[in-house]
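Each in structure tokens, the structures are laid out below.
Here subunit A shows up in two complexes: once beside subunit B, once beside subunit C.
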Partner chain A sequence: MADYSWPEADRRALIGSRPARLDGPVKSTGFAKYPSDQNPSGLLAAKILTCPHAHARIVGIDTSAAEAMPGVRVVHVIQGEGAEIQWAGDEVAAVAAVTEEVARDAVRAIRVDYEVLPHFVTEENRDGAPDARAAGERAEGDPDAAFAAAHRTVERTLGMPQMAHMCLEPHGQVCSWDGDELEVHASTQAVSTLAGQFATELGVPASQVRIRTEYMGGGFGSKFSPDRWGIVGAELARKAGAPVKLFLERDQEVTVAGSRPSAFARIRAAADEQGRLVAWDSDSWGSGGLPGTGQTPLPYVFSRLPNRRLRHTSVPTNLAGSRAWRAPNHPQACFLTMAVLDDLADELGLDPIDFLDRNLDLTGRADTYREQLAIAGEMASWKERWQPRGRTREGAVHRGLGVSVHTWGGRGHSSNCDVTVHPDGAVEARIGSQDIGTGTRTIVAQVLAETFGLELHEVRVSLGDNVYPQSGPSGGSSTVGGVTASTRRAAQDALREVLVHVAPRLGAEPEQLVAGGGRVFVDGDASRGMSWREAAAQIGGAPISVQGRNPGPGRLISSGVGGVQIAEVEVDVETGVVRVERMIAVQDCGLVINRRLAESQVYGGLIMGVGYALYEEWIPDPVSGRLLNADMEFYKLAGLVDVGSLEVHMMTGPGYDERGVIGLGEPPVISPGAAISNAVANAIGVRVPYLPLTPDRVLDALAGRGGPA
Partner chain B sequence: MRPFGYAAPATVDQAVGLLEAEGSEALAGGTDLLSLLKDDVERVDRLVALRGVPGLSGIELDGGTLRVGAMTTLQELRDHDGAIAALPALAVAIDGVASPQLRAMGTVGGDLLQRPRCWYYRRGFGLLALAADGRSMVADGDNRYHAIFPEGEARFVNPSSLAPLLVALGAEAVVHGPAGERRLPVEALYRAPQAAGERENTLAPGELLVGVEADVEGSRSAVYEVRQRRALDWPLMAAAVSLTGSGPRTERARIVLGHAAPVPHVATAAGDVLAGQELTPETVAAAADAAVEGARPMSGNRYKVQLARTAVRRALGRAAGMEI
Partner chain C sequence: MTDDAKRSGLSRRSFLCSGAAGALSGGLAAGLLPGDAAGAAAVTDAEAPDTVGPGPVEIELEVNGATRRLAVEPRVTLLDGLRDRLDVTGPKRVCDRGTCGACTVLEDGRPIYACSRLMIESAGRSITTVEGLGSPDAMHDVQQAFVENDAQQCGYCTPGFVVATAALLARHPAPSEQEIEAGLGGNLCRCGTYKGIRAVVEGAGGGGVSGG
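Here is the complex of A and B:
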């Protein structure tokens, strides 16, 4: 059986280096065409009419005025008379017209009569929730006895609201029919699986649905299915006999196309005199819109904590259902846990890093965390600069440091990759994956070039099309492991076939040959070799084409990572404004393929993390049930001037490289909320119990203690 | 976007004539009005584009008087060394619009007369946002960014970046209308509407703001904005102050709050506290307290009272060149 492995450290030309993203130039110059940039000839624009009420029944719908408007091609009713609408923003009807403007005016001309029903949208106070339901209770050990015997106990009520994915390219697609063949340029994270979903809904064979996503503008977990607007777009195109572009308006994108569930909890945690965690009791609740939520995994990371009791209540709201948001459940669990542990460290009079360190045996990766805490602490000059809470002030501005730890799996998904070597030496990979902005195209090219000993620009990677071999959806940090493993297996097999042809010419056995530096040669005797072009010419007239798969033989990937982040903040206690001055991230992810792109993933996680720590939240109106900030004005994203200095340390080398490739998309976004909240508590001496850390919440927390001088 | 007419007058008089017709609206930089139309929050029959009208743009510094045409862009004003040297606080107010695109397109007149950012208004519930039963959606709903000095049912805040400073300076607005030119204090441009359909400014149909004039000599002024983000973000609260008087004592102080009320809020009592006084941490604190006297915060914006106090203290500190 063939052996599949990554090259040893001293034999890596590209893996672990820092090549720039291959599609950087076309993206930054605008030459890259995203799905929303596709404008096939004869294109119609489609818009969706949404329900303005959070809970209502459709009593009547009249589309005649819209149908009569010049330029309107198709009016399509999505939910008709009698339908019960459960959230504002739910889709009612759609129009395809000659321009976006006409389509917008036409959906406004559709008259819908509603019977407005009572709604509930504010789950922070669960007592007012009409449908709250118990969603799990479990206990281990003897929490009551452990609390009774504990040295110190803290109790906190903490929480974070629902927030939006806010993809810069909204959800949507361009659909074109050619007879009963459908082509969809979709902004999706799931090129290979989307066709089947379109096909089922539209009643055509999946083999007649083509999905293309060469580039896309962000998904973060919210773009795995065609969604109703995908199917509606395809139906409009079919009825109109013309291509239809349907992308959500910004308010729709914020309201219905993705949110992260809220999480609230009343938590008690206790430690003994040695600063060891001994008991945990949490009563949590939250909402992911109409479906409510499941149990938040508490206590986070320190999951071996003995003596614990967990209760959870699911609170359905009249808001669109949540979607996976980068590291589902983890940022919430991390904030709820790390804030309480940080408060407990303060209660114990311990440096929080010391406190975490004393309890690392309650985690699954004690050695990793210990090493990472030491490195992060060093980068932050923690020992010299950290002071107990509330001691570092200059006038109104208080400074603070906070720490958090996190974990993630990140095992590579199912993936197939075709690698072809042409007799002229051209090498290409075809893979039905997608580059959702993470650099997948570049990573695959690196694996390919590394294996054949070529330069990055000498290989070609084609992805983002479901005619290529099936490769999994990009979710859960599973892409990099999946695509590198399938590509490596295919490339190693293809190379071995080439070597069989080359070996006789060099008077060697195939196993003695290696590819490197644009040549194929006898390992240990570079003089016995030939150029890659000559080598490829030995295969004869037909190309060699091999498919590689994941999962498969050889240890190319694994899973399970840790990470430590430290935040440094300034808090103006007279305005409540929090500024993140610095974020330090120490992260492992096994074998790093591209250090620049790995760091870029972590930067992105930190930037999103500052966003939800300080700014981002859904603000549903208790009166109308609508989101009041379904825009980019009061739904605030972190600007580049707001994120401070970001410093990233990737754990590499012995102990990490031999684990193989592990995903990295999720882990760096988990800790920022906790680390920043802890830094604010360190700065001002009191816990701000809710994220985001807005001035009103900061001033409220300070006022709870008498307020600033 | 509903169809509308578009007129490009060549003179101020033509513009005035066009604006007299009901359903006409002046189009300056277009950074907001076009969005309001696209979102169907406002409807117009005709836009009267001012960009091609000569004489509406320009900056003049004549002795101690600064004249700025209404169509002058924020960036043009920011780049005018003379104006900024004479009135450094202008730079702070303009830089608060932390978007190069908005500064490049947005105009002085547009800033002064821009529509409120109230999220109920922007969602089509009207400026007063009254529910069918007459109750205030703002009072019953989420009012974290709303007025701490509401006037009747007007609970939105005036969003102008320049108005607080200009009002503090006692600047005049120059308005052309069917009856010719009239001048009024900038603060008199604003009112708090009390009935549906009423606007938040006092311009009559056909009236056009053509410029502002401010006396920039003999006073020290400053602006302080509390903004959550450094990136483009509305101030949560803003204060502008203008102090006159030679020597240590302040003769007269004008203190104006932005983002606090449906109009630029002149904190008369705060100014009175400082009249004839030296600026000290004590007198400044007393003025800051006086500035929020009578504040009536709602369920979610009590924090803005403290922000107002802080903004006044810090603006006074800046004007006086002292750390307070």
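Here is the complex of A and C:
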């Protein structure tokens, strides 16, 4: 059995270095063609008519005026008479026309009569919820006795609302038929699995569906399926006999194309005189739209806490169903847990880092967290600068520090990769994965070039197309482990085949040979070798092509990481405005392939985290059932000047590298909400019980009011 | 941003909004409708608003150095005209409402939101999109700096940021914090690339990055 492994640290030329992303130049010049940029000849534009009511039944639909409009090619009813609509924004009909403007006119000309039904969209107060249902209760140990014996107990009601994915490239695709073969340029996180889903819905064999996604403008967990608009787009194209572009308008994107479930909880937590956690009781609820939500994993990270009781209520609402949002469930569980622990530390009169440290044996990776807390504390000068709550102020401006810890799995997904070595020395990898902005193309090239001892520009990577070997959807930080493992196995196997051909020429055994610096040579005697080109020429006339797979043998990947973040904020207690001054992230992810891209992932997580900590939320109108902020003006993302200074420390080297590759997309986005909320509590002396930390919520908390019911 | 706007404390975002509205008469009054169409839209009364459309109007404009002629309905935005009619897809449509900056292009050297301008308003003017600044083989300094500082992930916000950054640095080679806020505060990124973008802008003073 071949030995699959990563090169030792002193033999790595590219792995762990900082090469720039390979598709940087095409992106920064605007030459990269995204799915939404595809303009095949004869293209029609499609628009969707959505339902304005949160709950309604369609009693009549008249498309005749739209059909009669010049330039309209197809009008397609998605949900007709009798259909019950369960959220505002649900798709009712679609139009394909010669231009976007005509398609919009036609959509407006469709007349739909609705019987409006009662709706419910505000789950923050679950008492009014018509369909709330118990969704799990469990207990371990003896919480009642533990609370009775505890030294200090805190009780809090906390929460965070539903929020949007807000991918900048909206969901959608361009569909073109050639006979009964369909080609879809899709903005997707799942190139290899999409074809089967299109095929089932459209009644064609999956072998006749081609999916292409060379570039795409962000997914964050919301782009795994064709969605209804994908199928409708393909149907419109089939009926029109012409390619059809259908991308959601921004208001539709915000309303139906992805949200993170809300999470609320009434929590009691208790500690003994030594500051050790002894009891936990949480009564949580939340909504992910019509399906409600499952149990939030509480208490987060400190999951070995003895004596706990958990209850959960799922609250369905008349809002579009939630989707996996970067690190599903974790940001919510992290905020709910870390806020309560921070308040408990305050109650005990303990520095929160000290308090967390005393309880690390209740976590799954005490040593990692201990090391990370020390490093993060050092970076923040925590010991010198941290003060108990509400002590650091200059006039109206109060300053505070907050800390949080998080965890994630990140094991590589299933992935196949074909590596081919040509007799002229050309090396290429083909993999049915996708680069969603994380740098997948670049890290596959690094693994390939490293294995063959070549420069990054000397290898070629093809991805983003389902004609290549299947590779899993990019979700849950599973891509980097999957694609690097399959690529490394294929590359190592292909190299061994080359070495078998080369060995006789060098009078050596294949096992004695290595590739490096553009040459193949006897390990330890570089003079006995030849250039890579010469080596490749030894394979004969036909290329060598090998498929590598994940999972597979060898120690290339693993899972399970920890991270610590510290936030520093300023709060103006007269206006309630919170400013993030500084964010510090200490993170491990096993063996880092590309430090520059890894750091970018963490910076990106911190920035997205500042967004949901301070600004981002869906605001449903209880009266109309519609979102009040389905745009980018009132659904506010963090901007360049909102994020303060950001510092990242990656845990690498001995103790981390030998764990192999572990995913990194999710972990850094988990802690910011908790760390920033804790920093605000430290600054103003009271807990703002609700995210995002908008000025009204801060002022309410200062006035002793507010919080979720 | 003009000095006036700066003095009045307008951010680029609010300035562009007011600029777009204010320019409605400006673009047409400039008499930029070539040939017969110009006659149809001739101004007969200085006080009366110009009237064109609702049918397609013939216009001519320069896009990345090439003269382009086309007929567009007055309601078509510059952004949709570029993307849908001229296949110039560097500028992206994200918010379509003047909030996110993904559609930023230069009009006669000045950054504007292409989603918030009608294409006929740009008649006779010169439009430079991100593709017009450089190409993968011959990148503009700002584009090169975006690559080197990893100031892009998915890259969908990048064309707008690159154009806005080039415009900012052309005006202020070593911008102050206020100038950065005014120049880039009207662009948004979802992937979180601000650390790299800040490095591009702050490295500009000494790093050989120049604007325009």
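The rule is simple: the second predicted complex is superposed on the first by the 704 of 709 C-alpha atoms of A that agree within 3 Å, B and C clash if a C-alpha of one lies under 4 Å from a C-alpha of the other, contacts with A are read in each partner's own complex, and residues count from 1 in each chain.
The working rule: a contact is a pair of C-beta atoms (placed from the backbone, for glycine too) under 8 Å apart; a residue touches a chain by one contact, two chains touch by 3 or more.
Just so you know, these numbers come straight off a predicted model, no measurement behind them.
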Subunit B versus subunit C as contact partner of A:Ala134, first or second or both or neither: neither
Contacts of A:Asn629 with subunit B and subunit C, given as first, second, both or neither: first
Superposition-derived comparison: subunit B or subunit C, residues of subunit A touched: C
A:Asp621 touches, of subunit B and subunit C: first, second, both or neither? first
First, second, both or neither for A:Ala68, with subunit B first and subunit C second: neither
Touching partner for A:Leu640 - first (subunit B), second (subunit C), both, neither: both
Which of subunit B and subunit C A:Glu101 touches, first, second, both or neither: both
First (subunit B), second (subunit C), both or neither touched by A:Leu699: first
Contacts of A:Ala45 with subunit B and subunit C, given as first, second, both or neither: second
Partner chain in contact with A:Ala20 - subunit B first, subunit C second, else both or neither: second
Intersection of the subunit A residues that touch subunit B with those that touch subunit C: 101, 631, 633, 638-641
In the complex, subunit A residues that touch subunit B: 101, 104-105, 108, 395, 574-577, 579, 614-615, 619, 621-624, 626, 628-629, 631, 633-634, 636, 638-642, 694-696, 699-700
Of all residues in subunit C, those that touch subunit A in their complex: 73, 75-76, 80, 83-84, 87, 89-97, 99-100, 102, 129-131, 133-137, 139-140, 143-144, 146-148, 150-159, 162, 177, 180-181, 184-185, 187-198
In the complex with subunit A, residue positions of subunit B that touch it: 1-2, 38, 40, 98, 117, 119-120, 122-123, 125, 131, 137, 140-142, 144-145, 226-234, 236, 300-303, 306-307, 310, 323
Subunit A residues touching subunit C - in the complex, by the definition given at the top: 20-21, 23-34, 36-37, 39, 45, 99-101, 166-170, 215-218, 220, 249-250, 436-439, 596-597, 599-600, 603-608, 631-633, 637-641, 643, 646
